[in-house]
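Every chain is named by a letter (A, B, C, D, E and F) in the order it is written, and numbering of its residues begins at 1.
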Amino acid sequence: MVRIGFLKLGNIATSPMVELLLDERAEREDMEVRVVSSGANMGPEQSEKVAKDLITLKPDIAFVTSPNASTKGPTVARETLTKAGVPTVVISDGPKKLLEELKERGMGGIIVEADSMIGARREFLDPIEMAVFNADTIKVLSVTGVYNVVYEAIDSLIDQLKAGKKPELPLMDVTRSMAIEASGLSNPYAKAKAAAAYEMSKRVANLTAEACFKEKEWEVYTALCAAAHELMRSAAVLVDEAREIEKYGDSVLRKPHHRDGAVLRKRKLIEKPK
Amino acid sequence: MVRIGFLKLGNIATSPMVELLLDERAEREDMEVRVVSSGANMGPEQSEKVAKDLITLKPDIAFVTSPNASTKGPTVARETLTKAGVPTVVISDGPKKLLEELKERGMGGIIVEADSMIGARREFLDPIEMAVFNADTIKVLSVTGVYNVVYEAIDSLIDQLKAGKKPELPLMDVTRSMAIEASGLSNPYAKAKAAAAYEMSKRVANLTAEACFKEKEWEVYTALCAAAHELMRSAAVLVDEAREIEKYGDSVLRKPHHRDGAVLRKRKLIEKPK
Amino acid sequence: MVRIGFLKLGNIATSPMVELLLDERAEREDMEVRVVSSGANMGPEQSEKVAKDLITLKPDIAFVTSPNASTKGPTVARETLTKAGVPTVVISDGPKKLLEELKERGMGGIIVEADSMIGARREFLDPIEMAVFNADTIKVLSVTGVYNVVYEAIDSLIDQLKAGKKPELPLMDVTRSMAIEASGLSNPYAKAKAAAAYEMSKRVANLTAEACFKEKEWEVYTALCAAAHELMRSAAVLVDEAREIEKYGDSVLRKPHHRDGAVLRKRKLIEKPK
Amino acid sequence: MVRIGFLKLGNIATSPMVELLLDERAEREDMEVRVVSSGANMGPEQSEKVAKDLITLKPDIAFVTSPNASTKGPTVARETLTKAGVPTVVISDGPKKLLEELKERGMGGIIVEADSMIGARREFLDPIEMAVFNADTIKVLSVTGVYNVVYEAIDSLIDQLKAGKKPELPLMDVTRSMAIEASGLSNPYAKAKAAAAYEMSKRVANLTAEACFKEKEWEVYTALCAAAHELMRSAAVLVDEAREIEKYGDSVLRKPHHRDGAVLRKRKLIEKPK
Amino acid sequence: MVRIGFLKLGNIATSPMVELLLDERAEREDMEVRVVSSGANMGPEQSEKVAKDLITLKPDIAFVTSPNASTKGPTVARETLTKAGVPTVVISDGPKKLLEELKERGMGGIIVEADSMIGARREFLDPIEMAVFNADTIKVLSVTGVYNVVYEAIDSLIDQLKAGKKPELPLMDVTRSMAIEASGLSNPYAKAKAAAAYEMSKRVANLTAEACFKEKEWEVYTALCAAAHELMRSAAVLVDEAREIEKYGDSVLRKPHHRDGAVLRKRKLIEKPK
Amino acid sequence: MVRIGFLKLGNIATSPMVELLLDERAEREDMEVRVVSSGANMGPEQSEKVAKDLITLKPDIAFVTSPNASTKGPTVARETLTKAGVPTVVISDGPKKLLEELKERGMGGIIVEADSMIGARREFLDPIEMAVFNADTIKVLSVTGVYNVVYEAIDSLIDQLKAGKKPELPLMDVTRSMAIEASGLSNPYAKAKAAAAYEMSKRVANLTAEACFKEKEWEVYTALCAAAHELMRSAAVLVDEAREIEKYGDSVLRKPHHRDGAVLRKRKLIEKPK
């Protein structure tokens, strides 16, 4: 039995779903999961503490999810885990260039560029707006194939650990073409819509970064936050269209996990997965 | 500084967002959060283990989120926490009647009936379908006011703890009328749409329960799972309409948390929260 | 030539279409129809009168359509018809348990549970809202297959009468699975959407019953009526989606009646029915 | 107590709703309704028979609803009623020029030009397509104000009869501007959308007339029928938009009938009608 | 190298796209284009001037696009061109009867009846409303096949000129059935939707003609203009649906021009045109 | 009377509407327009020829519209015009840096960054796809305010010329914030949606540039072209939503040109412009 640890610092939309993607019906018998999180807070002290907490749970491998992995909190956390001998993989929305540094330090990294930053301004973001944005982003990351790339990378590590191998930690920047290929969409216009939605989702970060870090006038940054969330909402509408196309053709790809961790496949709704 | 613990066993759609709802922009200085989870798995052994893990993190209060809180895992977990002297509140999709038992044992409980069970059959549910369903449900729970009821109950407990009081643990069944009132929707047709979506969301469980627990023929239960998820998708479309109505009238209620935990309010997009 | 009588007391959404479903292009030469109705009113006196009026028209069989067939008006009407020797079948939204009683008394019954009650409160329902609700419900009952079940049952009775047999009066509770199967939808997601819409349509009655019979505060019951009608509107949107799926695949099932009452079949739009 | 008779020959979309529009909650105590119909069939013999049947029910006034009122069946029916001394008003989709003849003969007439003919070809029209078309048309006639014009004309006749007057039978061609004004829509774009939908609905007849009476090639007329029904579906979508606009502004006009037949008014959802 | 001249007087929605339809990727080497226009103005003097300007550019054939080709400006323009020996083809929204006159005078004519007049009233039409209407109309003319008919007629003339023949000038009234056939839509419901949209687009002119030429009251004609543009917007929505159907079936017909002017064909998105 | 010349080389979506935006109802008496174009072709020789043709028409000022104004054709054209003493303003989608060069050479420039390049690959783009893309882009540029910025800049030049002044040629890069402000949208969420659509429209160029200039594999660039056009279609859907919001609030800004070139204003549909 492999034990997978997740350290969640702050939030990106990959984070709330990531461990669930590995065992969507809670049936797997080949691995178990431990998650430790400090909630929205990702300060360095808290991050270090929860990293140590995770170490006490003795994971065979650890994934540190956070926004901007170059900030102090996530940095301290992954170093703490690595020092303790836990193979560690960063999952973050950026920055891409971090991948080199991670490589040098023997860590892994999965950069999910389409998992754009939220519009985190007090004049705009309240709990409900936050949850709505996460819902939209989760839908986008699901249908565009981003989640497929992420969980298949983790599944591959689990397989290596189950085989008693030292895992080869991935160093990947999840791009549009990787995601769309992994999405399993079969209709070419469904793919085109998903690709367009991917671009939209990725572009959200340009607006939120401007709103949160550059713009000083509150009327302007509030409007920018709203524009960014509208962009993500449109992306969610578009991926919904893409998935509907697959339903219309009865060709939705489904890849359920088997009890033993194997991945099955099916396309027609009324057929058995194989 | 109050420390709030979340023990997450298995998944309901309230679970991935719950701690984020308390501190949507990661600015609060009056409390901190610890989350421990065993992922999708909610077996009794694992549940007990993670409950003990959470105890070591010394939370002032603990929330145990899980589907069906009357099953063994969640039961063991909350008893473990209570025995250790941690005030404990159950957050679950049911059963309602558990509230009495919780009351007797000095625990709290928040039953979120609209947070319906997923269509957890191998012929239907794969990681992507799981995430899409969660995205839809998160949107429904957000806009219908369910999340408002939940986080406001937790905020109230935090306030009591901050004031040095022994917290009065809530025993609540979140109903449609409670939720819609908490939603802050101002247009009466937006409320009507949200109320209709609430009914739809709640009704999903009838279909998934039939699909997962009663129906034996795989062609039938697969079709039932699909119907259930279409129902949730329609509910998500409808709450989106409800929120759009508020946008069209520039009357979206926003209640951001202040740094000190206070809750501000605003309606017009371009106005300062107060 | 068989003569079919319809006695319409009050309104359910099956009622305005029921005789038209038997002869959609007014071409049948094997039967004729007589409808007598007292409009919206279904009081016992009026119901008895119109029942007697129908008897004078000498129908070979009579169908009594009404809401809640256990109320006095419909009860008197069917007993009057039965006493006069007219084989009588009740068509109503409920109650289901009436079927036993009908059986005992040698009558037939078709309970259409998805044909939910309207939000009949003066603060809410005016002529236009009434018509809009009926339009939505008619669409839902059409596409989900409910109407198919109903008219096929009547067609079967006509066939028996044409063959000179004593008709075997049906005793049926039209359920979701019966309806969806009768709908002839071919795409499994179209079926799933129709099934979800069926649930929504059926659920409307919970809200309208609460609004019309339980709730006393007018602000509350008005809002409940509005929620109920939004739920039916969403169901109508969803069945429209389901039918569009069939159009997209050029697989809409069409079963036109032939002049002689036979039922033909076709799927492709540009093909002859057989 | 005034008794209103409806003789329904064949079907137009005004027909299934017309008596219900007068007493939408079945509460009126100032009038009663009798409907007699021969179903879809509107042959001269059947029409005469049911006219005589209606006469035996002693209506104070009779309304004869049918498609194309210049055909034999409806003509015989209204003459039969008139001969029997029953004040008679034709309600039909045309022809307009009939109004003059009706005037000469002392009858009334309401021509509902937007209530377009269905695509009645065996290769296209089956019971479900028929019902779906009626649902769409009912929605269009409801929201565009056509139904308002019709039922207000009938209500006016009832008032005259209640006052013991000889009713002044209306001779009206329901036009777009009459309808839109009667609709009570308040937003000017809602009116514009309703007006556009009215044009679409009216235009349907051009396509169905071509399909049913002129075109001989079955592939062509089948396609024309489909185009006509798509046109009506689009009109229904558009009036739905128009009504939603009023919901968004909380200004839906509601004019419920009082128990005594008076017409009340309200605009805000949560307000009492006056 | 053939030189094609376009004289654009005033605007119809065929006009802004017409020369681009011949060489959509700017690759053709077998012909060149000259356009001269006087903008929105189509007065007789200006029209004559620009006609002379076009003559100096020595086109092998000239197309005069304008609304209402029977007015003075377009008439003078085409006569000027014809006198100068330039084969001339009128492209206009009407009137149809002009075709006979054109035939007598040795000119060609393409009447595009679905290219309806805009709502040109100062209380309604501003630059943005004008552009939005054109966008909707361009989409309608594209998908319904109208543009196909037009550019294929021109391509045929180019082929004749390239072959050194005296071109046979077309005299065509572009009808619904010609357009839908040329559209290349393959799904029969896509065709039905396109046909319905065609009718809507054509009907716009009835409303705008009434608004611009008959109605004197400004409140009334402003509302009529708005209704007309809503009608075109609905038509655009409907053709979008039609094209989506083709995308869902991966059967969008594409007929790109080859460098040498030949027209290639393809249906699947990922296949080479032939 | 001022004479405005437009030289159109190749196509961007600003080009087909630009002169019409100045005189949307063809009523202006203070200026006249001359357009000369070489159609889709923008080669250097053709561009020079048509520039000379425009010079012979003696415009008081000339606007050269084209994609990528740094290519040879547009460059030769504007230099030819400038040498002939015609004040010349470039209107193009880029590059921005050209503005400096234009300034040095005494020319004006309006860079419309949101007017993104089309997916000009033979495997994808045929005449209909081209026209559909233009329709979508025209709608986006209309509602986001881009067209407002452009035509107001030209109107200002006309005013200067009418006043006998030497016109101050504009050097402007039309940005999102300029456009949204010029759009006159009043609801803040309408603005947010328009801003999001602007970003989407601008982003299209990233995909089409990759598809047309970088990518060599035809399967890949064809898919990229399709994604780009889906992105523009989504932007068009979103601006349509934005405009609908204004309709719902009866606050669409309309700024019709008066006969004398003055710009009037109104918001309510049924009110006179001032």
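By definition in this document, contacts are C-beta pairs under 8 Å (C-beta built on N, C-alpha and C of every residue); 3 or more make two chains touch, one makes a residue touch a chain.
Note that the coordinates shown come from a computational prediction; the quantities given were computed from them, not determined experimentally.
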item	value
Third chains touching both subunit C and subunit A	B, E
Comparison of C-E and B-C (more C-beta pairs in contact)	B-C
Taking each chain's C-alpha mean as its centre, the one farthest from subunit D	A
Fraction-based call for subunit D against subunit C, same above half, different below	same
Interchain centroid distance [CA atoms averaged], subunit B/subunit F, Å	49
Where subunit A and subunit B are represented by their mean Cα positions, the distance between them in whole Å	21
Rounded Å distance, subunit A centre to subunit F centre (Cα mean)	40
Centroid spacing, where centroids are CA-atom means, of subunit B and subunit E in whole angstrom	57
Subunit F, residues touching no fewer than two other chains	188-189, 192, 223, 226, 248-249, 269-270
Pairs of chains found to touch, sorted by chain label	A-B, A-C, A-E, A-F, B-C, B-D, B-F, C-D, C-E, D-E, D-F, E-F
Touching residues on subunit B, where the partner in the complex is subunit A	4, 8, 10-11, 16-17, 19-28, 32-42, 46, 50, 53, 56-57, 120-132, 134-136, 138-139, 141-143, 147-148, 151, 218-219, 222-223, 226, 233, 236, 240, 243, 254-258, 264, 266, 269-273
Residues of subunit B that touch subunit C when the two form their complex	177, 188-189, 191-193, 195-197, 199-200, 203, 206-207, 220, 223-224, 226-231, 234, 237-238
Complex interface listing, subunit F residues touching subunit D	247-250, 268-270
In the complex with subunit B, residue positions of subunit F that touch it	187-189, 192, 245, 248-249
